[in-house]
Structure formats: structure tokens, C-alpha cells
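Lettered A, B, C, D, E, F, G and H in written order, each chain numbered from 1.
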Amino acid sequence: MTLQQILEEVKDGQLSVEHAENLLKKEGYEEMDYAKLDTTRKERTGFAEVVYCARKADEHLLNIYQKLYKEDGEVFGTRASQHQYELVKSVLPQVVYDPVSGILKIEKEKEHIGKVTVCTAGTADISVAEEAAQTAEYFGTHVERIYDVGVSGMHRLFSRLDTIQDANCVVAVAGMEGALASVMGGLVKRPVIAVPTSVGYGASFHGLSALLTMINSCANGIAVVNIDNGYGAGYLATQINRLAEGK
Amino acid sequence: MTLQQILEEVKDGQLSVEHAENLLKKEGYEEMDYAKLDTTRKERTGFAEVVYCARKADEHLLNIYQKLYKEDGEVFGTRASQHQYELVKSVLPQVVYDPVSGILKIEKEKEHIGKVTVCTAGTADISVAEEAAQTAEYFGTHVERIYDVGVSGMHRLFSRLDTIQDANCVVAVAGMEGALASVMGGLVKRPVIAVPTSVGYGASFHGLSALLTMINSCANGIAVVNIDNGYGAGYLATQINRLAEGK
Amino acid sequence: MTLQQILEEVKDGQLSVEHAENLLKKEGYEEMDYAKLDTTRKERTGFAEVVYCARKADEHLLNIYQKLYKEDGEVFGTRASQHQYELVKSVLPQVVYDPVSGILKIEKEKEHIGKVTVCTAGTADISVAEEAAQTAEYFGTHVERIYDVGVSGMHRLFSRLDTIQDANCVVAVAGMEGALASVMGGLVKRPVIAVPTSVGYGASFHGLSALLTMINSCANGIAVVNIDNGYGAGYLATQINRLAEGK
Amino acid sequence: MTLQQILEEVKDGQLSVEHAENLLKKEGYEEMDYAKLDTTRKERTGFAEVVYCARKADEHLLNIYQKLYKEDGEVFGTRASQHQYELVKSVLPQVVYDPVSGILKIEKEKEHIGKVTVCTAGTADISVAEEAAQTAEYFGTHVERIYDVGVSGMHRLFSRLDTIQDANCVVAVAGMEGALASVMGGLVKRPVIAVPTSVGYGASFHGLSALLTMINSCANGIAVVNIDNGYGAGYLATQINRLAEGK
Amino acid sequence: MTLQQILEEVKDGQLSVEHAENLLKKEGYEEMDYAKLDTTRKERTGFAEVVYCARKADEHLLNIYQKLYKEDGEVFGTRASQHQYELVKSVLPQVVYDPVSGILKIEKEKEHIGKVTVCTAGTADISVAEEAAQTAEYFGTHVERIYDVGVSGMHRLFSRLDTIQDANCVVAVAGMEGALASVMGGLVKRPVIAVPTSVGYGASFHGLSALLTMINSCANGIAVVNIDNGYGAGYLATQINRLAEGK
Amino acid sequence: MTLQQILEEVKDGQLSVEHAENLLKKEGYEEMDYAKLDTTRKERTGFAEVVYCARKADEHLLNIYQKLYKEDGEVFGTRASQHQYELVKSVLPQVVYDPVSGILKIEKEKEHIGKVTVCTAGTADISVAEEAAQTAEYFGTHVERIYDVGVSGMHRLFSRLDTIQDANCVVAVAGMEGALASVMGGLVKRPVIAVPTSVGYGASFHGLSALLTMINSCANGIAVVNIDNGYGAGYLATQINRLAEGK
Amino acid sequence: MTLQQILEEVKDGQLSVEHAENLLKKEGYEEMDYAKLDTTRKERTGFAEVVYCARKADEHLLNIYQKLYKEDGEVFGTRASQHQYELVKSVLPQVVYDPVSGILKIEKEKEHIGKVTVCTAGTADISVAEEAAQTAEYFGTHVERIYDVGVSGMHRLFSRLDTIQDANCVVAVAGMEGALASVMGGLVKRPVIAVPTSVGYGASFHGLSALLTMINSCANGIAVVNIDNGYGAGYLATQINRLAEGK
Amino acid sequence: MTLQQILEEVKDGQLSVEHAENLLKKEGYEEMDYAKLDTTRKERTGFAEVVYCARKADEHLLNIYQKLYKEDGEVFGTRASQHQYELVKSVLPQVVYDPVSGILKIEKEKEHIGKVTVCTAGTADISVAEEAAQTAEYFGTHVERIYDVGVSGMHRLFSRLDTIQDANCVVAVAGMEGALASVMGGLVKRPVIAVPTSVGYGASFHGLSALLTMINSCANGIAVVNIDNGYGAGYLATQINRLAEGK
């Protein structure tokens, strides 16, 4: 209902002043004691709320999982611990946990559209890549994974080029010096979402080196997200994939 | 011609070994003394080469502009100075210069498809925003501009929300604390390309503050590019816009 | 007693030279072996001494709590651990501990004047916000809390605008990109005390990103304190609130 | 007019839907080609718009000064150059320029209420201090200046303690190591607004050292603003001073 | 087989199109589920693959050690833990573990050619130096160790100058201020490989200070590698040593 | 024996070539397997070797303590753990351990000359201050301690000014914003040795803030050492104190 | 006159209350409009005020030079420009200017006591070294200069060791990697004052690299001052030299 | 002459004590007023002294060029300005200046041995690459140049792979994100000398980004030098090339 419609109905007496006031002020969230669940988020942004499990108190986590599951029939959380898995499992036994990515989810059957390719430079980057890939899948994206194709052995990357070049977008996950994103950017027509990871040591400064590499890339079409932010990459990839698929 | 086709033709004697070798090694660029013009770039990436004018020697700049103009009938350069404008104008009088963005171009008539909205937080960010907007337009994107809608006066932003929400993607250009991208990310369904600018003083550290803000955004769907990198934002926006328009 | 008064009394023989010398040199603190309790602080600054519990040895902490409680009938400590709570409770059973904020206190009934609003961007910022709120309350300020109103869902903030706009000052607590302070600054007439938190990951660099955002805010009337410094925010808010209430 | 009142009038037919829609969408700014002058800012925040002159094009600066002067009978700009002074003077001959602080203003007679003390550590900090002091005065605050009272000669500060201690708030402006704010914070009851300056060399890193000092102050009641941000300090000081004076 | 040879054989019918296609596309790695073992690396670079043990899952580590051992009859891993030693030992009992350097290896008898000298500034740098020395030895380099010859006691260094000056290259391992590399660079004709270590405290910032020292060395012929990167230094030293020995 | 003397004796046949060669090459240290004990250090610098206990292997630590004790009848170590205390005590039962400073020593009776004053800003700085004070005492310096005299309560410092002003030098130990050194520098004639500590949180960045403050001090006569480097301060204070006492 | 004496005289009527009040409040500086000349500094610290010329307005500089010259018969300024030299020369023709160090002075004949050695690593460090040397000389110190003895050619340093080892203290001035201070610290018994310079490029970060090197020195007895702070080094060297000479 | 030989000759009376003393103390440099020319450097390190022209005073530069030319018949300077070229040319008319690299030299005919390949990522990196290439040539190395082969167009690099793979070492010069070095390291057997350049903008931070990329490279055999340090790369490449050629 647009603003104009609301006002017309008020004028016509179809809508009370109180009701109109509520609509215009409409909070769009459900108050919980400790948090405001953003229940209109899906309408507003096209994405359901996802739970960031790290640092959540046990009781809060349980309530949120139960509430979201009841509403949507599915629920998706990132950065969950083994302990949190066991906790949620005690009340929602169908919950599934992936210890590599830390994803804790109950997922409905759904169609996966389009194509996004998720690549990593090394094997240590896989935990972040899985967060990206499973996030995109949860939001209905078809994902292909190509792991361990870092620039110190370029032939591994080139042998998979076809798979990379026909995706709607590519997620490039890399730590250390993060050069994968630049190389990828020179090879594909579509956007490259670059995810720096905290993999590395010494002057990698917990991902800062990879972040700077990606931000300064000499290649074009590189969209950078935060260090280790697989979730953000999966979200952005889904936005782009949906556009490409006419959604 | 695929690898298989080349090999078949070699086998059948339709292609000489020398020719095949050349095709397989095909360099895909034209050697100039001082640079390798990447003439197959358009095929490979869907984007023609753009000239980064800053730090180019006069003679090199002239040659590049003439060469690209002869090949494509148009040429687009960023970060050009007034001096470079006058230089190029002396041999290509139809060249057009925008001193705000530093863009120096000869542009063919072309169709502009889809819709990208380019926003700035303040008026000082406009030079970067124009680099983004005109880059996107050069690559065939329809652009709408909404400038000076920073978060210290949110009502200015909200009054233009319709225009922002129906774009294929939004470019948010902001210096100082760069909060515009986060606010935008909470309001739209589509990707937000965040461009930190070096506008600010003191602890803005020439754009570092805005860059960190955007990379750490609590909103989702934020794709960050380098500080002041309007060109990169316009390029990425075009990639996304093309996908959305089925190109 | 002013300097002039002391000198007059010395001249008139009402005050001995020794006594005057002591007054003028008056140390204003009580020597303990390991610390100088600043017992004239309340007179000088209007605020009683507060205990920073972290890193205090058990024996020292006990002595300080007992000493301050005996003098003032109340005592307030920040950053206390569960262990310290149990320690103090064994000798001062009426002590109250809030594990979220780490505050360990015995508080007298007191009037709470004026109004300060404490807001957070997310739920993870609440521990710092509670340190701010309870500090302000301990110093006699009336506090209202509005939590989880970050900029990725601006409607949650706008629905509480009345409560925010009629406070004497607003404390805005936010981690990650810290944009809440800028948005708040554009909406209220009164000072905004911005508290960056270490909530976030990757390039948030333990609160540095939020600190830079707040320091560079394009909005005016933003007073920044140290990362996670809820206590400092509650103190400053009280100073401003007292001024507003004519204290 | 509140939302409820607007809706009542729509219902009663006193207000057309179009008018109400406009009111509710009311932009609150006047569109200029290059900027959105925020003409409702004074109502919203209690402060008229101030002009940040640096980087403004000549023509834009002239228009803005003329527009604001016509509306308010006064206009206040910061970081103006000698050139800009001469420019504005050619159309507004009554304009006054202070080359030390870079302030360019036409100011109406007005009452100055309350009291704010502005201090500097050294003489090189005076340009920033004057920006703070004159900003506060423009907004109606009574200001006292105490310059060159840095901590390397504490007796200079102590001799002016009375003047410092009875202000509603103190602005402490210091570069190099910025210790003035900490010392001040231990001496006064009222808020200290700390302004780090870029005065210094070597490891002062253009004000970063002073900023860190002030943010980490062991004293309480320290509100930090950006490096060299005299304007922000004057604004914040005025907010606090108005509260103290019951405005 | 060169490209030309492959094409000639295709033309002559000696090679099928499919086989040629495979050769030209030849991936050069063996797919494992979680990683792509780079089995052509030795041919391409002259160095067999080395295992970075840190962060490897137990099962993956075991498989990699067994696979590499089966192929090469030896295997070399860095940054292994005591736990990983015991794990690998359970299936490959001949494995040898050095807890100082964290190296876990099965090594064939081999000739050690040339001469590389590995020096440390202090005793705490030895763990990194051993990683360098044992890596070089694994790759067939003759190594001499000179430890604890830091610049605060230069006579210790000078007494071993002959041994240092006739090496093919010198590895200088130092933390804290890292001055050893500069001093060494002024004393030898051959390249100095400088390895900053994270040894130190306070403003050493986990090796950043030593890294900056080495990168800014006033001496020439200094090749810097990452903080604590003994492996990289041993690898680079071997490359140089092989060149010097005509390999 | 000077170079000239050695050569004269060679010429006169009083000294064999071999012996002279040894003298001129004389290494001045005793080789241990893992370290070079610098046994001529005392002659060269006037200070016996001190043991940095952190990260030393148990066996090495024991050997070093026994060796140094046998030679000098005393031994002094810094940054020792409780475990190391018990270890050394098992073979040298007279060893004394101070858990606050981490000093582990056997100390001979000795005269303490001159006067050095060691001050701290807060109680949390005492561990570093004790490392400084006990180091200076070990090297024969008379030390006075004045703790908890930070700038947020200046009266505590001023009441002890006499004691501070007649020392040969002052050691100022402070974390957080580290302003104590600047204030001290303006009050005394003698050198101030400034020791930044890692005490603080948030933007103190583990002592970086205090270090920058001290390096940028507006006061003169400030000698800065590394963060938490109490040992270095005690050493430097002893050098200055000895000069002042004619040693 | 001590506090006790003042009070006794007040009691005895020898001193009026007003006079005593003035004495106790005695400001110890002479008010100028723009600065507070610290005329009691010499008594308090043993050093006359020195003029920091950079950024001083012409008129202010002239007044200060004339005032100080009239009072002391000499005046010493640092960081003066050629323009400032000509300015001061026009009223004080006996002024002497050293363009290398930027020192502008009128100096009385005086005795130079003790011995301080000032060394540089390279020739580009001489401007800073001269600021240190001439400052020390102005304050009555005997100085010896040894320039261009950096660690890339250690034999140059060793050939001057005698001159270095018998100074009361050594000033080591070095840019780039700043290793000179560490080497010096291992060779002398007396304090080494380390002055990092901004000489260098790339990752020297305007002296930060040299500063970190010196702060983290593995040698003892290193007192670090700010980047390029020759004046501070000369001041500190004088303090130490005076102590050594019994002043 | 070895130490033993000297002593033998003293013993035998062939060498006077004075002469031996001089030999043993032999300074190895020629004193000039402002610098110590290191004339034994060539013997010690195998490389003649090279002049760093930046910041040299005119008169000093002239003297150094004349002196070195007289001794060696050739002279080589880096970072020279046009002004310095004209200056030196006035007395040494045969001097040659390359404005791209800033090299100012008189070079003798000489043999160039071995092979070093110098590559750049872009055209803006050529100035640094030329400093490297011409330095190596001056020291007798045969150099091949391959410019503008950055990773955004990998085919340009691959077409030159043969030339790259048979060099004794490769110098990889790159700014922005500096990924060229990593890619190169995965393709060649020989050492890669990585030179980060200050080419770039925004978050490239004047070469810091490229430096971190290269230091953190996932490829092996990468030797990093300072930002823009072409000279250092050419020097190190020559050391390695000489070893490979048996010099």
C-alpha cells in the first residue's frame, strides 16, 4: 500500500487515523527482550534474516532458531560452534551442522537457479568459501566449487576456465597475498566477488594484505567484501545471480 | 575456433603447423614500444580498453588516443589534466573534457540500457561520482544521479527512495566516515557498489576511514572498490546492469 | 577555603604556619601500599572514585571495595569477572553482579534526574551499552535504553525517534562500521556521545574501523570516547545531563 | 504539525491528499544544481548551516554566500582562503575574514550566553582554537580564550585555573603529544572537548599521536573530535553550553 | 614435448586429436577431494612439494604424507605439532620430528652441494633458522649454522667472518630491530636473504619492526622474505646455491 | 694491551705470531651449544649479562643460571614465570622471585649510589616499574619509588615534587595516554626516561598510544624506551646515574 | 623563598597577604599577545628558551628574537628558513644562519665542557645531526662530530672507536633502517641517544622504520627521541653531559 | 695480505710496527669533508660505489662525479634530476641522462654476461624497471626487458614465457596490487626479485599494498626489496647472475 493509497483511504473513512498512523509508523520488527527480529526484511530486501551465531547467549540462540523455524520452516546460521550445534539439535533435531564452515541450518527443498562459481586459492580458504557457497545455495543460487587453484600453479586454474567463464559471477576466496582475484578479473566477463581471508602468517596481518591486494587490483570488475566474510559474498553473489536470471 | 577444431584442421592439413602454433600462442595485443595495447580485451571481457591518462607522457597519450579512435571511432580516458585536454584537442578537435571528473572522451551515439543510480554523500564527492557515471554511460548503461544525500540529513535521501530502489544497482560514493553505503544497503534489494573517497581531513587518512566503514558494513550486498575509484565502480555497475538486462 | 582566606587566617594567628602549610600542600589522597585512593576526587570533579576491576589482585580488590563501601555506603566497579564477584560477595554479601556488562556494585537508593538515551546498533554491543547506562545511573542520571537499532534497518530507529530526540544527550554504541553515530547526529539537537565497540571481525581491527567512522562523522555534535569505553560515555553523559538539569 | 494532526486534517477534508503527501514527503531542502541546501536544518538541529569553503568552486561559493545571507542576514564559513575572501567581498563587501582561522563571515549582533573556555597547548594550535571559538560565538556562546598553557610549563595553566573551572565546558586544543586534555580532565568538573591538532612533526603523524592520546586519556569526561576540527568542537561546546543555560 | 612437436605429430597422425588435446590441456595435478596435489611441480620449478602442516585436518595430513612418501620415498613438512608427529608416526614410523623448528620429515640420503650459511641474531631466532637450514638441506644444499651473533656484540660475528664470506649466500635471521641483515650486507659479496622474526615485544609488533628494518637496509644485496618464513628463505637459498653450483 | 703493544711484543719476539693472532681475533665469548655467553660484556659495557627468561628452554635456563652464578656469585633474570622460579630454585635454592615484575635473581650485597626516582601513572604500571627499579638496584643504583601519580590527579604528583626533582634521573612509567612523561619533563632539570606500558584497552593498541605520546612530547629531556621495557629503563638510568656519580 | 618562609613572613606581618598571594600564584611568564614567554624556564630546568621558528609569523618571530636577545645577550632558533634569516638579520645584523641545519642564532662566547660525540649513518642525516650538535654547543657542551659511518661499511666506524668510547654520551643519527644505534649500543659504556631521521624512501615511511628499529634495539642503553628531533637529542645530551661533569 | 702474514712480517722486521698498525687499522675510505667515499668497496663487495643523487648539494655532487670518474673511468648515479644532469654535463660533457629512470652515467664499454629478465606489470612501472635494468647492465649483466605484462591480461605474459624461464633470475616490477611476482614465482625455476612500486592510488598507500602482496606471496623463491628500489633489485640480480656464471 503506497502512501497515497493510505491517505486516500483515510480521506474516504476506510482507514481510521489510528490504523493509518500505525501503518505509517509500522515498525516492521518483532520486539524480543534482547533483539529486534527484522521480520519484514525479506519483503524489503528479498532475503530472510540469517543468524550470526558467534557470541550469542545459549538461551537467545535457541529462541531465535525456534522462532525463525516456526515462521519460515527453515533457518540458517553462520559461525556456529560445535556446542551451539548440540544445543540447537536438542530442540530441533533436524538441524545440520558443517564444522568446516560453521554453518548450522535447517533447509527446505528449493530450486537453485543460475550459476555462481566459488573458487579458492588454497585448501585453508575452504572454510570461508563454504560459508559463501552454502549461503548462496540457501538463497536459491546454483553454485559450482573449484578449490585450490591459487596463482602459484596457474595450470590448475586454466584447466577449469570454461566452468569459470560461464558463471553469472565468480567468488574468489584467497588469503596470503590474495592474487587470485586479480588473475580472475582478467579472465572473465562477469563480476568477481573477492573475499580476502585471514589465512597466512607474518606480514599477512590477519588478512589485511589480501584485502589491500584485492582493493588495489589492476583488473576491473572486482567487488571486495570484508576479510573472511563468506556470508557477505554469498549474499552479494545471489543478488547478482538473481538479476541475471530476471528475478 | 576451439582447441579441438584447430587440432582437427591441423590433422586434416587445412591448417599449417606454423599457423596453428601462432593461433595457439596468439598474443592478442599489438606491440607498441612503450605499452602493449590489449586489443582483444573487448572480446575477452566485453569492455573496450580505457585510457588512464595520469602520468602518461604527452607523446604516448597522443598516440594511444589516435590509435584507439581510429579503431573504435570512440575513446575514453580518465584522470586527464587540462593540459592533456588541450594536447589531444589539437589533433582530435572533437574531444570533450569534463574538468570535474577529469574525463576526456570522444563518444559515439549509443543506446543506454537498464538503470544504475549513482549517489553521493556530499558535493565534494561529485568528481568521483561523475567518473563512475560517465564510465557506465560510455559502456552503454542508463544512469541516474542523486547527489548530496549524506546521512547527516536523511530526509534528503528518503525523498528519493523510489528512484533508488528500482535501479539494477546503486553506486554509493562517500568520503569522511562513509556511512552512506550502510544506510543504502539496508534500503535496497539490489547490490550497492560502495566507493570510498579521499574527501575529509584529519583522521580520514585520505579515504582509509571511509574504506574501512564500507568494508565493515553491517548491511549486506555491499561491494567495495578502491578509494576514489569511480572508474572501477562504473565498470562493475555496467557488468551487473548488463546481467540484469540479459546481455 | 581559598588561598586568600588561608593567608588571612595565618596573618591573624587563627591558623598556625604548620597547619597552613599542610592545607596548601594537602595531598588529598590516602596512601595505601599499592595505590593512592583519590578521596578528594568527589569534591574536585563531582564524581566518586570508581573501581576498574580488571587486573587487580584479589587482596587489593577486596580492600578497595571494603574501604570505599565503608566511606560512601556504596561502591561501583567495572570489568569485573565472575571470580571477582564471588570474592567480593564473600565479605560484602549485598554486592550485585551483572555478567553482561561486568559491573559489580553496591548501590544506594538515589534520585535519577534528567534523561539520557543509550542506543546500540546490534545486540552484541549491549555489554558496552550497559556499562554506560549503569554508570550514568550510579551517578544519578535517568537512563532510557533503545537497543538493536542499527542502520541496516533504519525503520527500527525511526519508530523510537521521539524518545531519542527529547533526551539531554544520546549515547550511540556501535561496532563494525559504526554508522549509527552519524545517523543519530543528523536527527537530534543534543550532543551524541559515540562509543565504538570491538564488535566485528576482519577489517574492523578490534574497533578501529568504528572509531575512525565516528571521529570522521559528517554530522555535528559527535563526542567520541575510546573503543568499548562504556564507563567514559556514562560519565560524560552524566556531566552533560547535570548541566542540563542545572546541577 | 504531527503525523496525527496531518491525518486528522486529511480525514476532515481540511488537507488535500496531495498536500498531505507533500508534507509527509517534505524534502526540507532547496535543490541547487550542485548541492542540496539544508534549509530546515536550523529547526531540526538548532543550528543554521555553515559553509565549508575548502574545495568549493568560485561560482558555487558565491551563490551559497548570497543565498544564505539573504535568508538569515548572516553567514559563516570555515577554511576559506584569501582568494575566497576577495571573491565574496566583491559582492558582499561587509564580509570579514580572519586569516589565522580561515573564517569568512558576516555576523549579526547577538547575545552570547553561558561560558565556554577555549585553551591551547601552544601558539601553533591557535588557528584551530580560533575556529572553535568563533564558531561557538557565531552560535551565541560566550567564549574565553586561554592560549599557550601546555603541560611543559604547568604553572601557566594553574594560574588560570579559576577561569577554567567555572566554564560550562572547556575546549582543549593540542598537537604533538596532546597531553593537555588529560591534565585538564583531572582539574575540572565539566566536560572537556579535546581537539587534536596536526601540529608536530616526525612520529606525530599529522595529529594521529594527539588523537590517540586524547582517546586513551586516563582522565574522565573527555569528548574527542577529529584532528583540527575546531568547527566541530565549537558546535559541540555550544550544544553543551545551551543545555547548561536551559536552552 | 614442445607445442611444435605436438602439432607435428598430430599432422603426421602419430598423435590422436584427443591425446593432443589432453596433452595441451594437461592439468598437471592429481585431484584429491580437498586439495590438488601439484605433482608436476618438481619438473616445473625443480622443487618437490612441501607440506604446510599447520591447520591441516588429521585425515588430510595422513593421506598427503602417505601419498608423497609413496611417490618420492621422502616427504618434508613444516609447522607440524607434536600431535601431528604422533599421528604420522603411527603409519610412517620412520618419520623424524624436530620440535624446535616444527619440521616433520622422512629424508632420503642425498648429496649436499655448495654452501649456504644460516645466521641468527639471538637464540630465540633459532626455530626459524632451523626451518631455513633444514629446508635447504632437504633440497640438497650444504648448510653451515652460526647462531647468536647479533649486533649488540659484534665481535662474535667478526670472529666467524671467513665462514660467512665464502658461502654462496647467507641467510640472516633476526627479530627485534633486525639490524643483523644490514651489517651482514656490508660484509659479504654474495646475496643476503633476510628473515625477520616475530621475536621481540612491545613496538616490535610481531616482526613488523624487523621487516621494515630489513626492507629499508642501507646495505645492498638484501633479499627479504616474510616474517618467520624460514621455509621461504631455505628455498630461495637453494635456488641461488644451485645457480652457483651450475645446477 | 693496545694494538701497538701487541705488535711491539711480536717484533721483539715476546709474543708468538699464533698468540698475537689469537689475541687480535680474540672472540670474547664462551661457546655453548645453543648460545654464546657474552663473558666480556662487563668489561666492554660496564654491565654484567642479564638473562631474558621468556621463551628459554628449561635445560638452557638452568645451565645459564648455574654458569653465571658460578662466575659472578649473582645472577639476574627478567620475565621469568612461576614455573621457571621453581625450576631454578631446585638447584639454586637461594634464588628469589618477584611475581609482580617477573624478576628471578640471586643478588650479592652491594652499595647503592646516587639516586634515581621511578614513578608510575597507575597501579597497573607497577610490574614494569619494578622491572626498572630492581634492574637499576642490581646494577648498584639507589632507587626511590613513587607510584600511582598519574595526571588525572596532579596534586598527588606535586606533593612529591622534592623527591622527584633531586634525583639524577627520573623513570616515568605510564600506559593509556602516557601523559606523565610530558608533565614530568616540564618539572625537572634532569633526564626523564619514559617507559610506555601496554596498560590500557581499545585504541591504546597495546602501548602504541603511550609510545607515540612520549616520542612526541612537547617537553624536553625525554628519553624513550620500548613498550614495557622496564629493564632497558633501569639500565639507561644506571648509566646516567653512574655518570652523575663520577663512575 | 620556601612556602614555609612565605607563611612565616605573612604571620610576622613582613609580607602582605596580597604580596604572598602573588608570590604563591606567581605566574613565571611574561604575557605577550600571542604567546607566553617562559622566562623562568632557565631557573626551573637549567636551559634557556629556544625558538622553534617554523610556522612563526614574521612579526612574532622578530619580537621574540629581540626580546630574548635583550634579556640574555644571545638567542637560538631551530628550523629557520632563509627568509626568516634575512628578516631577523635586518634588525639583529649579528645573527648567524646555517642553512644545513636551519639554525639561526646569536651566540655568546662560552666554555664548552665534557664531551658528546654526534655520529651519522649517512651524509643526508647531517642536517639533523647539526641541529643536535649546535644545540648541545649552545648549552655549553663540547661536541665531536663523526659523520657517514653507517653499518654498510663498518670499518669506517671502527676506525673512530676511541673517539666514540670516551664521550659522556653518543648521539647516533640515522635514517633508512637506523641500525647504527644498535651497533653503537653494543660498543660503548655510555648512553646512546638515538635520533631516527626521515631520510629514506618507500617503506621507510618518513622515519617510522628507523624509529621502530631504535625502539626495538637488542642493545641496551639506547634513549630514543622523535624523528628528526636533533634539538631534543642535543638537549638530552647536554643534561647527561652536565651530570657527568658534576653540573 | 692476511693477518698472519702481517704479523709474520712484523716479526721478521720486514714491516715496521707503524706500518702494520696502519694496515690493521686501515680505514679503507678517503676522507672528504662531507662524506667518506668508500673506495675499498669494490674489493670488499665486488661492486663499485654508486651515487644516490637525490638531496645531494650541487657542489658535493660535482666533486663526487669528478672523483669517481677519475678513479674508475666511469660513474653511475641514480635518482638524478634534469638540473643535476646539466650541472654534471658542464664539467663532464660525456655524461648521459635517462629522464625516465633518473640515471646519470658515464659508462665504459664492458662485456655483459649471463641473463636477467626485467618485467613490469604496467607502463607506469617502467621508470623503476629501468633503474633495475641499467644498474644490472652497469655491473656487467646481460638484461632482457619485458614490459607491460600484468596479470589483468595474462596472455601477454605467457607469450613471452620462454624468455622468462631461461634467465638466471627474473626481476618483477609492479605497483597497485603487485600480483605479478606471485604469478611469476609459480612459473620459473630461478629466483624472482620482486620490486613493489608506488604506482597506484587510494589504498595502494604509496606502494605498501604491493609490498605486502609480495612479502606474503604464496609462491616460493620471491626475494623482496624496498618500494621503488630498482637499484637494489639490479644489484641483487647481478649478484645472483654472477654466481650463476661462475664469477
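Here, a contact is a pair of C-beta atoms (placed from the backbone, for glycine too) under 8 Å apart; a residue touches a chain by one contact, two chains touch by 3 or more.
No experiment lies behind these values; they were computed from the predicted model shown.
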| item | value |
| --- | --- |
| Contact-graph distance - origin chain A, target chain E | 1 |
| Chain separated most widely from chain A, comparing mean CA positions | G |
| Equivalent-chain rotation between chain G and chain B, CA atoms, steps of 5 degrees | 180 |
| Most distant chain from chain D by Cα centroid | E |
| Of A-D and A-C, pair with higher C-beta contact tally | A-C |
| Intercentroid distance (Cα basis), chain H paired with chain G, Å | 38 |
| Cα-centroid distance, chain E relative to chain H, in whole angstrom | 26 |
| Chain B: positions in contact with at least two other chains | 25, 153, 186-187, 202-204, 208, 211, 215-216, 220, 226-227 |
| Every chain pair in contact, whichever chains are involved | A-B, A-C, A-D, A-E, A-H, B-C, B-D, B-E, B-H, C-D, C-F, C-G, D-F, D-G, E-F, E-G, E-H, F-G, F-H, G-H |
| Residue ranges of chain G in contact with chain H within the complex | 123-124, 126, 147-149, 153, 155-156, 159, 199, 201-204 |
| Of chain F, residues touching chain G in the complex | 44-47, 168-169, 186-191, 193, 211, 215-216, 220-226, 231-232, 235-236, 239-240, 243-244, 246 |
| Chain A residues within the chain D interface of the complex | 3-4, 7-8, 10-11, 13, 17, 20-21, 24-25 |
| Footprint of chain C on chain A - complex, ascending | 25-29, 34-36, 38, 40-41, 55-56, 60, 196, 198, 207-208, 211, 226-229 |
| Of all residues in chain G, those that touch chain E in their complex | 121-122, 150-154, 176-179, 182-183, 185-187, 200, 202-205, 208-210, 212-220 |
